[in-house]
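Look at the two complexes coming up: chain A is in both, with chain B in one and chain C in the other.
Entry: the complex of A and B
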């Protein structure tokens, strides 16, 4: 036995049968590509050794993230190497939803789908392609494919797509695209509900901007005020955190706007604004929002005199029944202080760098909640023969009230192109598994842009691990089977992509070198910037000004039956739930509560004391739509009548790391929508809480959130309250701790 | 009450004897293991002969171990490199048929590592090849071996002596190799 223990261990040397391109053992090769973990479109550099991806970092050349990368982006490796990946095409064997699949070949899988597509009536729009939000040339390919199929029903669906922000920009500025918010050069940032450091639009870019605003200039330190009912990560980084009643953020913005106009706004349309804003007097706004009048006056004063001040709005503030109006009001603040098109202000983006201008593309294919409801309704009535789902998971991210899952029963053929088994793929009849983004060709034109034209190419950094195919190649495969040779002649996604970039190359003047070296350069740097900027003219139509106003938000459920407003928010690690199958993301502590794994509901400790519940009590959360059970966590920075829940957990079917962990607050949301944008008002559901009498303490990495006399944080609000005494900070009751 | 040293030693004697026996056993076991279970010339999945390739046919080391001059590891040639010649050469021999079989199935050949440094030693082939150190200095006369065995004692002494002899800058610093 002793001899065994000191024996020389056997180590193997496995040579590749055919080594991958540029392979040399022991040598590191970095590939630049595009992150596919969220829609921000950051550039990545992937370190590979022996043909395996080892580490993902930000691409320093990419203007969006400039070498930085968030936790979810870092965890992309676990998407690639996930043990629960789908490894080969499958066909359903048992009942739909029974999770019984048999492996098949690509040939058979593609033929089965192509056959049904051929059978579907070419002109009845009975084929629906539901994709996660995609951009760049792949989006063009989907357009081409659907046009050849004779169906107009191509839907991009992302739970977190900012429909209200798009609608608001369109309304106020006539802009289809999201503008670039130049946080870096602003000196006073007023954020209405936008958790911009965590997951709003382009969090890595915003974080860089925030850092620059704070520390980039030696002479001035940018100030930042966050307005929201529950302190987010951005709120924790703010100089001042102000809770306004949920859904009244827009009213607050108009109160500030009113003060700005009264305080000597000199624009030519001053009279129009003055007339439109008369209703938003300080006292009325203070009463409606719960923010003291002197605070509103001070915010207006500070915002006007900041050089420059920038107002952004989104997140929960845009997810109410008055979401679009709220965001219009926030944008109006930028207009009134005249920082449209200026450094530190709102900069309009040029049209995204794209080549196939010949393909007329609707400005947005993004499906809002109304569109998803319509789809479900149409499916129930038998209007959908084939549904192709590309890496979207609507069964998880739509509320139960939509009835989407049940509606899928009426669709004869569901095809999923997902890389993982998820709630939607589990109901599919044919599964054609796609590569992860680290194995596929693609490109991206980040939205929102950064003020100038940017395109980046995503290249495979490793050879495919399994018998999967790139989504583009699956679509091309189907097109070939259906005989769309003329319109879609490309043999592979790589060819299609290169063809598109040939046009981008041809447009460049002067074309200094040949296409091949241009393409090599783009691949090497991973990104191409074009110095195409846009003049941002700020003219707001009088009719728009006259129509400005924010109504009181409406909630589903009465105050008496459902005393709390549910504030669901996207957790740092999970995004809309897609991060839940990554162990790194599961074990990443929530920055505000230090909780790992599972989900929880946050409540003000004073409210908890009144209700007689405490940390770790299992609570039943009931809305008009249903109920879920979740442990309670007391959290001091939340309004007394608001409870907050992170989104992302509660998967039934998303691999071993996600399954059966926590619960999904989206399930119990009411189908309340913002009528103007048709997007789901996710913050407009009231709930009641009942303790179940059971305990379920969430796992935490931190100890207690209190100081316990360690005197770490010195705190006074000026009135030297005695320890243990109750007081109010920002209108929120707190208990003063002994120093 | 005083405790006699002699008495204490007497009490400890059995324990000391057991310890000594274990220590001797360890040393004997180590060498016995090295002698009876030679990890130094293991049986390989294919009876590849360096004597035929590097000796008789005088194929340079770096022809197959191309990476040695650019990478930390020398690498073993990929199967398609072997097949580059053996599509034509000596195709009828049983060992080549074994190789061809690996090629057909796409299975990797599970070669067993002969020269292996502990994980706490940082060694790079690239620098040593660049300094014109003969491969044989560390690997022994591989071109004469049908079965490769670890002949040169690749221990710390070998590295240090050579570094001293060649007056390598920082050649005897701990951190040159242990980093």
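Entry: the complex of A and C
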């Protein structure tokens, strides 16, 4: 049974003496909605029984994930049923940060906040709303609310927001939105640091594409090349993993570009490119990147002749001081082989479905590191009277050097809208607990899209568990208290959402059905796709070509004092730390090391032997900004002068499953930024490693990670002769003759 | 004894189960698998698999019916890593079945290796005999802090201390699909109508599930792929899980 929405909470002493319409014991009801665990915006189908959510699966109708879902998406249920959820509004009682709160009512909580908002000067921008990155009509509601408050300081903040990628696309293609990378139809993928199968942009969609490119087409098998200093799961999946010196990925891309141009690029702007790239000769690039010249030449050759080839860049490659230039260089490769707008290439996305502001400009509100630093500085100077935080956790995801936590001391009122007591919420004065995404109304226009226009609606799949409210309803409640009746007349998020979708409905040349049946259909299918595509034109301005070039990356700390480059990466299960309170995610072994429940630092085994340290030694990792202690793990696929550490653990708060586990590498990052995008250069910190003499072996599920002749994973070189037996697989001859 | 031997000979013969309606089989394409672990969590959610905690894992008490094993080859800079999802292989000639003193584990007519929790007395012999190490023993009673228990799947029993458990190929879903087919007046479940949780969620579509008695099913086609092989084929366990070799141009 596929239903369109649940009814309002049943409020009876014996709740099911008259059961709600869609409730029948033993019967399964599925609701389609949108996953809220990461910004990819996959569609989900939630299986409910007796009014409880039992299982989340991908929505087969949704073009982003096509019925599939990642581990974190599966674990969304544990965010709904988490034993450490906030259950009612609270006000701080003790000292700030003392974790002493007293329960209050919604009326009192909202009034307390509204009062302070009224007192704040309407024109001094002293009210700041810091939200996790949101899209769809909720983003629009935040815009309306802040406009009425007279404050321009609405910031979306995500640790993993690809600022550099946005800036690079803007620079080369003049595109505000991220393009669609058609991995499924590419036959040669050159990935510069983008861990596209794990957490880069839209991992489930990329995995689908990866599988299809690999084995979905009988005529050709896609080849994947990954360039990064530490093997990620995308690197493990690749046919070839190439370590290039951290931060030189862009130089490598330009070396390849130069070969392509030399090798007979025939575009009208060939001379411009040739002039811009002359400096990137094979020998120079090989020397700078540490990648052999013949490899570079071969990559260029393979990439040019692949039909078609696709280059993507992101992750660590974009998180250096030259991040934007690096990603421009990667994009230039796509341009030079002419795959813009082609299947298997880079396809520009049409404008999002709704024409409301904020939905059109998805990246313009995103706060980069510079903006967060400015916010902290302004707060210290007393420029922020009220800070409303919506589901963001900057205290955890900003380095210590930002001084964000300390800056919060100077803000008179901090309001947190969150489902959990995270590190930022712990410092709030008023906590207005929000529903999880499985209890809320909302919608989403996925970014990046899939090449055509998609909108999906998120609906409550269960009645709210606690005395919490949807974030949209909290904002509407505040608006009502402040008397914004005229501009924000809606009584609930559901009404607001329906109003927005009425516009979408009106823009479609309506068929015979009315809005209500259209709305029911959208809720049932969970997604609306429109065959709106865009021409992708690829004219690159001469000035941009002339300006192409990638500088050497800069690092914080000297080689002598800090001999290693720290490579923090987002762990599969934790994303930016938000998965740490989910027991399934704590217990999901890291695919590369099989470690659970903790942090570790990865080092090349040869380097470890030279240093005289071994697996399980507790190491003190020191940067110019501070130090953390973490156990060592030797890792076969990492450059000798690089150490890698997963992000996500090291919470001081955030519930029983997250608290006091491991350490957070973000804390010791230097405030180095990419000047062009203002984003934090997370891979640009140097560290020194000293053994503490203590042991702290991480918990692991896996045993020996070598085959030892057991031949468990078998390989073929792909040629049909070598492919071996094709007898009936289950019919192995076997003799069972009892004596 | 002679009768026992005759019966034994009969249904320990490979292909015996192919005579029945269904012979459920899974194929796993190692060239598609990315090791992401979505299958692991999907399985935990579907099958009420307990959280054992850090201490539990340190004591080797993990319970994941589906796990992703990793194997390194070579050294830096030529190190390569391969993943292989490992689960109960539902062997037609399963070593675990013959050693159970109380027949708590047996083969059903669909070719599934099933575990009867009520019969299990916890000798753990089956786990010792399983060459794939995919049987998990409940050394403790497990608890779900409220309200995490509200997520538990009512179609799957929660196991208690002293009981062996393992992958069932989501037998509860198979039963539902069969019931559906019956209600619809069909004799057979249609290919793709039913998928275990791990297959359903796999983002790279590496996992395929179906009936190998149906020559046109997707899984039958992948069994005929020249890349198909069984893990530990030499043990003659005749598994119902088929792996497709990873393609590596340097192999051979």
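Here, the second predicted complex is superposed on the first by the 675 of 739 C-alpha atoms of A that agree within 3 Å, B and C clash if a C-alpha of one lies under 4 Å from a C-alpha of the other, contacts with A are read in each partner's own complex, and residues count from 1 in each chain.
Please note the rule applied: a contact is a pair of C-beta atoms (placed from the backbone, for glycine too) under 8 Å apart; a residue touches a chain by one contact, two chains touch by 3 or more.
Please read all numbers here as calculations on a predicted model, not as lab measurements.
Asker: In the superposed arrangement, which partner chain does A:24 touch: chain B (first), chain C (second), both, or neither?
Answerer: After superposition on chain A, A:24 lies in contact with chain B alone.
Asker: Figure out whether A:174 sits in contact with chain B (first) or chain C (second), or with both, or with neither.
Answerer: In the superposed model, A:174 contacts neither chain B nor chain C.
Asker: Decide which partner touches more residues of chain A, taking chain B and chain C as the two options.
Answerer: C
Asker: When the two structures are overlaid on chain A, which partner does A:489 contact: first (chain B), second (chain C), both, or neither?
Answerer: A:489 contacts neither chain B nor chain C.
Asker: Just chain B (first), just chain C (second), both, or neither: which does A:78 touch?
Answerer: Touch partner of A:78: chain C, not chain B.
Asker: In the overlaid three-chain picture, which partner chain does A:592 touch, first (chain B) or second (chain C), both, or neither?
Answerer: After superposition on chain A, A:592 lies in contact with chain C alone.
Asker: Name, in rising order, each residue of chain A that touches chain C in their complex.
Answerer: My answer: residues 49-50, 52-58, 65, 67-71, 73-75, 77-78, 80-83, 197-198, 203-204, 207-208, 210-212, 214-216, 221, 231, 233-234, 236-237, 239, 241, 243, 465, 572-573, 583-589, 591-592, 594, 596-598, 604-606, 636-640, 656, 699-702, 705-707, 710, 712-718, 720, 722-726, 728-734, 736-738.
Asker: Going by the contact rule at the top, pick out the chain B residues touching chain A in the complex.
Answerer: Contact set of chain B toward chain A: 25-26, 29-30, 32-33, 36-37, 39-40, 42, 66-67, 70-73, 75-80, 102-103, 106-113, 116, 125.
Asker: Per the contact definition, I'd like the list of chain C residues that touch chain A in the complex.
Answerer: The contact residues of chain C facing chain A are 5, 8-9, 12-15, 18, 23, 25, 29-32, 34-38, 40-42, 44-46, 51-52, 54, 57-58, 62, 64, 67-77, 79-84, 92-93, 145-154, 197, 200-206, 212, 223-233, 236, 238-240, 242-252.
Asker: Residue numbers of chain A touching chain B in their complex, please.
Answerer: 2-3, 6-19, 24-27
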